[in-house]
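Note that the chains are named A, B and C in the order they appear, and that numbering of residues resets to 1 at the start of each chain.
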Amino acid sequence: MNKSVISATDLSLTYETNDGPVHALQDIDLNIKEGEFVSFIGPSGCGKTTLLRVIADLESPTKGMIEVNNMTASQARMKRAYGYVFQAAGLYPWRTIGGNIKLPLEIMGYNKIEQEERVSRVLELVELTGFNKKFPWQLSGGMQQRASIARALAFDADILLMDEPFGALDEIVRDHLNEQLLKLWNTTKKTICFVTHSIPEAVFLSSKIVVMSPRPGRISKVIKSNLPNDRTLDIRESKEFLDIAAQVREVLRKGTADE
Amino acid sequence: MNKAKDLWHLIGPILTILIAITAIWYVSAVWLNSAWAYDKAKRANVTISFSEMVSDTMIQQKPLLPSPHQVIKEIYKTTILKKVTSKRSLVWHGWITLSATLLGFMFGTTLGILLAVGIVFSKSMDMSVMPWVITSQTIPILAIAPMIIVVLNAVGVSGLLPKAIISMYLSFFPVVVGMVKGLRAPDKMQLDQMHTWSAPKATSFWKLRLPSSMPYLFASLKIGVAASLVGAIVGELPTGAVAGLGARLLAGSYYGQTIQIWSALICAAILAATLVAIIGIIEKITLRKMGIQL
Amino acid sequence: MIWIIGAIFFWIIFWAINIQLSKIESNKFIKLLVPTLFGFSILILWEGFVRGFDVSPILLPTPTAIAIRFSQSLNILWVDFVQTFIKGALSGYLIGCIAAFITAVAVDKSSFLKRGLLPVGNFVAALPIIGMAPILVMWFGFDWHSKAAVVVVMVFFPMLVNTVAGLNAKDNIQHDLMKTYGANYWQNLLKLSLPSAMPFIFNGLKICTTLALIGAIVAEFFGSPTRGMGFRISTEVGRLSLDMVWAEITVAALAGSAFYGMMALIEKGVTFWHPSQRK
């Protein structure tokens, strides 16, 4: 049964600044079901990162309600319901790659044997086997991001929240990581929320695309994707892909037009 | 309404800490001076109540810890109430220390900047001298102060100059280190740009390196001026406490005049704070004129 | 006369050697050789000028005279070293730095206290704290306890300011990650705040090594039992035995740079991950 894991009702977040209030999010209504891959796309200031951070309980809404796994966002966070991947890897330079992946495991109280087992398992998932004892600065940007994803997969969280994780990487590495992420999704069946700037990336990865627009930050349209789950990179040339991409582009254009 | 909140946000914590420090000072004064108060009463064969003891601890002549108002009164007495030329005036003593500080500071800064320029532009100087400059920061230079005073006195140089030399020495090293860092601060891109304009080394120096070094220079100047003041104070000790704030500190400790010691100390602290603040103001004006936002 | 000419001659030779050395590709050995040659040439200049100009030994003794006096006085120098450095400076350093560290960690929980303590701490760190020496001698007596107390006061504020700055310096992403893991206060402190604060903490520790030694020596100028480096310096200066004074200064210099160097070595080991250590 596809139950709802993330639901937002009437969600709003307003910042008070010296130049007046900033409506980062306004009246967001959203429902994300188990196992979905949802992309959030929109121009700067549309609130996509803010929305992700509200789901993660890194920010608090000023109005409305957010529920994760049928609890408040805070409770979900304390229950370690999700793994978060930031735009930058955020690896701790004084720990090895293995040590970095162990960090959440140590905090959450997994025993040493389990830790070792999980580390080797996720390193294999992101194809970084053997880099266990290396330090973050010895790895390239792409590899650091892979390590960061591995870290988010190491503990048992059913939800993955990703904030433009591939934004700083070059196109070829990005394509490769997109493929890997999709494979991961198909294997682990987690619910993934993915924030991105890139239309092709959003269309390629998602089962559902949430298009947002700024000032105030709101959802313009939710577009469902009918592409098959086990897709490869060449699906990006197909008619169905281009149709969906065109829809997204249209909504984005309209969103910035009526400002 | 917002402005008041912002002001409180800035000043509130500092004010709280200062009030807390004053309160702790008073309590400590009562605590430390109480032994003497009870002792005095015992010798006079009277018993005193707690409140009498407290009021006594606030007015003792040679307290273990003078109360804040005692110190303030003494400072007031020896600065405002005394003639500036009197040998008991803290203003007079303060000026003696200050003059040595300023003289030494100016020399130290000038020499420091010159040496820094030399180090940045001559590789052999950089490799020979810079390691010694860095090492010298780990050496307790102040320990040499007595020797310098006595030696210079023996060759007939006394009074202001020996102290100024110590101050010069102490401000010299932070200025060299800071200035070298600052002159090397422009990043490769900016230096390359000067190169593409075929700018001669002198132009590159005056228009790029020197302006980039300003923030570093001012940071070192603040450290240097505080060090100069300490140098001047310590320089006054070996000559047997004749004149200056350091001399007052020493004299006070010889005769057990704690209030005198504290007033000289507070005066030195105010002097240090003022000097650093003045440099801070000059820094703000200079950097603003140069368009650097701090 | 011959001494002066000889000294200048050697100075020029060493300077020329250094110029040549600095032109070739530098390695670790050369980087060490050049300043050593420079220092050595200064010593030669010193020796030559003092002998050549017949400078009185009560003004400036020759390096050789100092070396001789040094080797003759090892016992006294050792006693002074233990009194000032080990008992006075080291104990004060440990107490002061640990106290500052604990205070900083305690204060870190309250942003209100942080905003108050940091400016006040910065202010106090710039004051001539050494002036407290006579007061502390009065409270703690002539022996090394008062010197240790002076050192505690001198190192406390710079160490506090540096540690608070370090604990504040966490990366935003690293901090948010801890939140997403639902980490509690202690886990956050031990796994994130403290490791990332290490570069700042060691910066403070290094600065305080010098302050500790200065504090202990200068505090002895204000009163001391009949031993200690500061005591020896001020009394020997009074007796005009400058070679002994220079011998003590040499001990102080060696102790100071060794202390600092040891901290720098530990720093290298602990903060190996920091960009400044990775050049």
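The definition used in the following text is that a residue touches a chain if its C-beta (ideal position, glycine included) is under 8 Å from a C-beta of that chain, and two chains touch if they have at least 3 such contacts.
Predicted model only: the values in this text are computed from it and were never measured.
Comparing per-chain C-alpha centres with the mean over every protein C-alpha atom, the closest match is chain C.
The greater number of contacting C-beta pairs, out of the two interfaces B-C and A-C, is seen for B-C.
Between chain A and chain C the centroid-to-centroid distance comes to 50 Å (mean Cα coordinates, whole Å).
The mean-CA centres of chain B and chain C are about 18 angstrom from one another, to the nearest whole unit.
Counting only residues that touch two or more partner chains, chain B has none. The set of chain C residues touching two or more other chains is empty.
The part of chain B that touches chain C in the complex is made up of residues 9-10, 12-18, 21, 32, 64, 123-124, 126-132, 135, 137-147, 150-151, 154-155, 222, 226, 229-230, 233-234, 237-238, 245-246, 249-250, 252-253, 256, 258, 261-262, 264-265, 268-269, 272-273, 276.
Across the interface of their complex, chain A is touched by residues 171, 173-174, 176-183, 187, 191-192, 195-196, 198, 271-274, 278 of chain C. Within the complex formed with chain C, the residues of chain A that make contact are 56-58, 77-80, 82-84, 86-88, 90, 92-94, 103-104, 106-108, 135, 137. Against chain B, the residues of chain C that register as touching in their complex are 15, 18-19, 21-23, 26, 30-31, 34-35, 37-39, 58-60, 112-117, 119-120, 123, 126-128, 130-135, 137-139, 209-210, 213-214, 217-218, 221-223, 229-230, 233-234, 237-238, 240, 242, 245-246, 248-249, 252-253, 256-257, 259-261.
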